[in-house]
Amino acid sequence: MFPMILFLFSLFLSSTHASEQEFCVANLKLPPTPAGYACKDPAIVTVDDFVFTGLGKAGNTSNIIKAAVTPAFVAQFPGVNGLGLSLARLDLAPGGVVPMHTHPGANEVLTVIQGSIVAGFISSANAVYYKTLKKGDTMLFPLGLLHFQINAVGVTSVALVGFSSSNPGLQILDFALFGNDLPTELISKSTFLDPAIIKKLKSVLGGTG
Amino acid sequence: MFPMILFLFSLFLSSTHASEQEFCVANLKLPPTPAGYACKDPAIVTVDDFVFTGLGKAGNTSNIIKAAVTPAFVAQFPGVNGLGLSLARLDLAPGGVVPMHTHPGANEVLTVIQGSIVAGFISSANAVYYKTLKKGDTMLFPLGLLHFQINAVGVTSVALVGFSSSNPGLQILDFALFGNDLPTELISKSTFLDPAIIKKLKSVLGGTG
Amino acid sequence: MFPMILFLFSLFLSSTHASEQEFCVANLKLPPTPAGYACKDPAIVTVDDFVFTGLGKAGNTSNIIKAAVTPAFVAQFPGVNGLGLSLARLDLAPGGVVPMHTHPGANEVLTVIQGSIVAGFISSANAVYYKTLKKGDTMLFPLGLLHFQINAVGVTSVALVGFSSSNPGLQILDFALFGNDLPTELISKSTFLDPAIIKKLKSVLGGTG
Amino acid sequence: MFPMILFLFSLFLSSTHASEQEFCVANLKLPPTPAGYACKDPAIVTVDDFVFTGLGKAGNTSNIIKAAVTPAFVAQFPGVNGLGLSLARLDLAPGGVVPMHTHPGANEVLTVIQGSIVAGFISSANAVYYKTLKKGDTMLFPLGLLHFQINAVGVTSVALVGFSSSNPGLQILDFALFGNDLPTELISKSTFLDPAIIKKLKSVLGGTG
Amino acid sequence: MFPMILFLFSLFLSSTHASEQEFCVANLKLPPTPAGYACKDPAIVTVDDFVFTGLGKAGNTSNIIKAAVTPAFVAQFPGVNGLGLSLARLDLAPGGVVPMHTHPGANEVLTVIQGSIVAGFISSANAVYYKTLKKGDTMLFPLGLLHFQINAVGVTSVALVGFSSSNPGLQILDFALFGNDLPTELISKSTFLDPAIIKKLKSVLGGTG
Amino acid sequence: MFPMILFLFSLFLSSTHASEQEFCVANLKLPPTPAGYACKDPAIVTVDDFVFTGLGKAGNTSNIIKAAVTPAFVAQFPGVNGLGLSLARLDLAPGGVVPMHTHPGANEVLTVIQGSIVAGFISSANAVYYKTLKKGDTMLFPLGLLHFQINAVGVTSVALVGFSSSNPGLQILDFALFGNDLPTELISKSTFLDPAIIKKLKSVLGGTG
């Protein structure tokens, strides 16, 4: 008798399937919209579209800031499209630092998995909130506010970072100021820094003009 | 003199027409986005895109649950795309039941048009809210919570159901557990039901594994 | 053995209960916010907070427009607070009409339960969409656009109306123009209607100035 | 040493670039979605996509209402797509008026740049809010409510108008009622205006039927 | 000279401070609204409002399901109020399981920190997505859909879980069905389970009726 | 006859009035919520709640940056609460500059009313967009991205600025880095600036530590 239920709901289920958006795995080949990417056909979606395997591997911190960020944003993990969340892994070798930066599109929550990290942010009211986080500690960084993370111990620290958007964006202050072709004169006028200092920083960060 | 107004605003009106989204009739041939489907060209939209005629006809309740759901979701009624609402008609023959289910994407409001229905839902706090609804009574079922409807009288009951989304989704508990290929071992471990019972239910509900 | 699960989750469940917002029955005694009213304490919420019984009764159409609207908005049905939906019942006696109006805060969907109704709306692009709806027919009216409903038959017609907001608002054109103290001169300048006509309409609709 | 940072983040930055939606300049050639248009490829976006030059020029007020509206909505200014804002310039020659109208899709804020304007709106509760605004004064007009602006002085008045949507829409009352093919009978029944008056207004506003 | 800047912006900064909502630490003593709790006075907010220290400690898995969930939702971590995110820690001892459940209010993303977990969910279209996750693997569970997690190895597994809401809610299937006073007759009719089985499960899960 | 309509709708209108949120003038005495402030009682709202008169007056630019920002955010203009928009006036004397800053909570649109301004922003992808704007030109600055405005002519320039939020926030880079008690060591590590330079800037910008 029960199979009749199947008959009853089959039309219903198949029709809702066509426009299923309880998930919407990104089709990165089509242009995005303000609400995210168009959905991959559910008929070819598999469990692997919902699984990301990159956060288990340490990033390469053999660089000047001794840090590595491994993102699982919509570009790397299309399954987060439209879900209002994404992730990243942060590795900080001894002496490592994620320089002052903002995420223009998402609130952030960081949990220390290994080691210890000094982290902080500055509010619009110019209040400073910073603390030395230990393993297991979690800290929030509201959308759009300048913040930083610095390794606080002599071993590599690792954190798992969550965001309230599938595409948080990242604006690193030093790069935004000194790593592009914004003319030195405009930088100087808008930051009160000496042109000589700006030119010097541009030379090391790849900026021109 | 007045026709000059027409001239004045004609450019304005025609230009806004091009991106008109005070309505956005779904073009179901294009892939959806997290915010819904792309819009059908307004130039070919007619009043019939805003009218749905399927809710006036009784669903076929000659099935094991003696129930029928007739949806007017975006897949059936493209005019609701982007409007944050949709509808369905529910027919419950004597003894009919809509088994325990959830709508992952929408709040629901049900109004009894004919007959009487016992309906209820269970909250995250595990509180139970149920009542026997009479003709003209309305009941709310919040998004994502388990709920059910059972005919309370010896004649067919009919309800008109509204949703707060153009694509509410529907997850019927028995089907989700016993109507697919989720392995019996995983079902048993995650529900504490005996494998024998699971296998029996799978056999009648079409499940495998 | 199982009762240990209860122990395990009891803290969890009770703590989430405190901030439960999978529903938020309005406390109408506190001032609303842009997102709706503060929530009634879940501890005193009962099933009756989710049930509305007023839509089963015919409205009184013994008036000049031979029509009655029975709202189940947040003010009448606090359970809809925060759920993004609300309802109303429409009764149209023979000759009855809901005059040209808008809902500034919600999209509308109307389903004819009894009789027949001529309904229509006008878009920003000045396109007219109207149709004679029969019993069981459903029609959409996008947010903020002028629309109307007129009984199309010699018997009382009834419709169930859904909205995409808990508080749709209602601006009836004739009342907005002629039923308040907006000075006749300003009305005339902004509508091109003759002051004499305006004063006449004000006299019957209760307007002054 | 610093260039190593570039190496570190280059993959990161290039990958986020692909799905960059901190801005989403509209590609008007693709059909819009409920959330706006698909994004123009960021690789070909230039500063001119974020700059609009049309609001500095007076509109042509040589028309019957002695008024001109110059919109910078998404259709004219694709850069606003997805940003939740748009603009318009309003010119009112002596005697000029923007007739009673609504914006179905946006709240409005008007600032007088030159001259003086009498402006007002009517709420759902039928309250009237109007005032004579001087140069530098700002006034709000909530979404979907009837409002008007009338020049209050003997010289041309100019206002800069902001909206809370990239596509506010515009429904001018006289046009909606008398400038299309909505049958006179339906207009008369839904506005209580005399058919003769309606036909006269239709003749001057271009309406038929 | 520079201190004059301080003077210039001091009024500005202090005034924005009063309504600062770039963060809104919950005042749990006031009733919530549909958008969350009222904000704690920023003047008494400290860095500790943005830091949660509970996720570093293993939960107590000495229970029948050999599992523990440690939430950092708004009730435990008021700093997440209004930020659209929250967290939890999951401990699964050998043989441990998080039984079939849903989060009515949030999408979920789980990352395995230690051990290995079999996890899966079922879609509205009745498709099953499950996989054995290893340390470092991440999996998504869309809002409102039934899902489960089972330890896959002989040691304790640990996961860090993120949600797209400050208050995800939790509805555990067995508790919703058998851990309250929903009458056995209604459960039986809406699940097709035998009343004897239901009564047995009620007896172990604390249900009555 | 018409007054009967008044009777018909009077209950309706008065009841919707109680929860009117087509506008929600902020009651700044109550704590805000994530969605804004509680609403002032509509019964005491007047047209002046929707009118702001401060943008017509030039700000005082007799300061080191020769600039003044006059905000009309929710703190100054409670009528914008919940409307998703706000305004500000910008005065730039000759040589004036609004230093590099972000608005964490809103997209911005600036229109030059007088003079000429060089303005620009930097994207997450580190692309620079800047241009010399003339009177009447409009430019967009997406949420959370660093941007600046510099007077481009020898006379005072004035701009009217719109935001997509009632409370945009403002984080000025120099103040965030050097105008508070963030320790010099943390600033140096997170910006690569020399401690001596930092201490010098702190001394002029009021920072300590």
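When the chains are written out, they are named A, B, C, D, E and F in that same order, and each has its own residue count from 1.
Just so we're on the same page, contacts are C-beta pairs under 8 Å (C-beta built on N, C-alpha and C of every residue); 3 or more make two chains touch, one makes a residue touch a chain.
This structure is a prediction, so every number in the text was calculated from the model and none was measured.
Common partners of chain A and chain D, by the touch rule above, are B, F.
Here the repeat of E-F among C-D, C-E or A-E is C-E, since over half of its contact pairs match by residue number.
Among the remaining chains, the Cα-based centre furthest from that of chain C is the centre of A.
Annotation: 35 Å between the Cα-based centres of chain C and chain F. Averaged Cα coordinates give chain A a centre that lies 26 Å from the centre of chain F.
As a whole-number value, the distance joining the C-alpha centres of chain D and chain E reads 42 Å. Separation between the centroids of chain D and chain F, computed from CA atoms only, is 21 Å. Within chain C, the positions touching two or more other chains are listed as 2, 13, 16, 20, 22, 30, 33-37, 104-105, 120, 123-124, 126-127, 130, 142-145, 169-170, 175, 179, 192. Inter-chain contacts, as defined above, occur between A-B, A-D, A-E, A-F, B-C, B-D, B-E, C-D, C-E, C-F, D-F, E-F. Interface of chain B with chain D (complex): residues 1-9, 12-13, 15-16, 18-22, 24, 27, 30, 33-41, 81-82. Residue ranges of chain E in contact with chain A, taken from their complex: 2, 13-14, 16-17, 20, 22-23, 42, 46-48, 50-57, 72, 77, 79-80, 83-85, 87, 107, 109, 111-113, 120-121, 123-127, 129-131, 133-145, 160, 162-164. Residue ranges of chain E in contact with chain B, taken from their complex: 97-100, 102-105, 118, 120, 122-124, 126-128, 130, 142-146, 148, 150, 169-171, 173-177, 179-182, 186-187, 189-192, 197, 201. Per the touch definition, chain E reaches chain C in the complex via residues 26, 28, 30-37, 60, 63-65, 67-69, 71, 73-76, 104-105, 167, 169-170, 172, 175, 179, 204-206.
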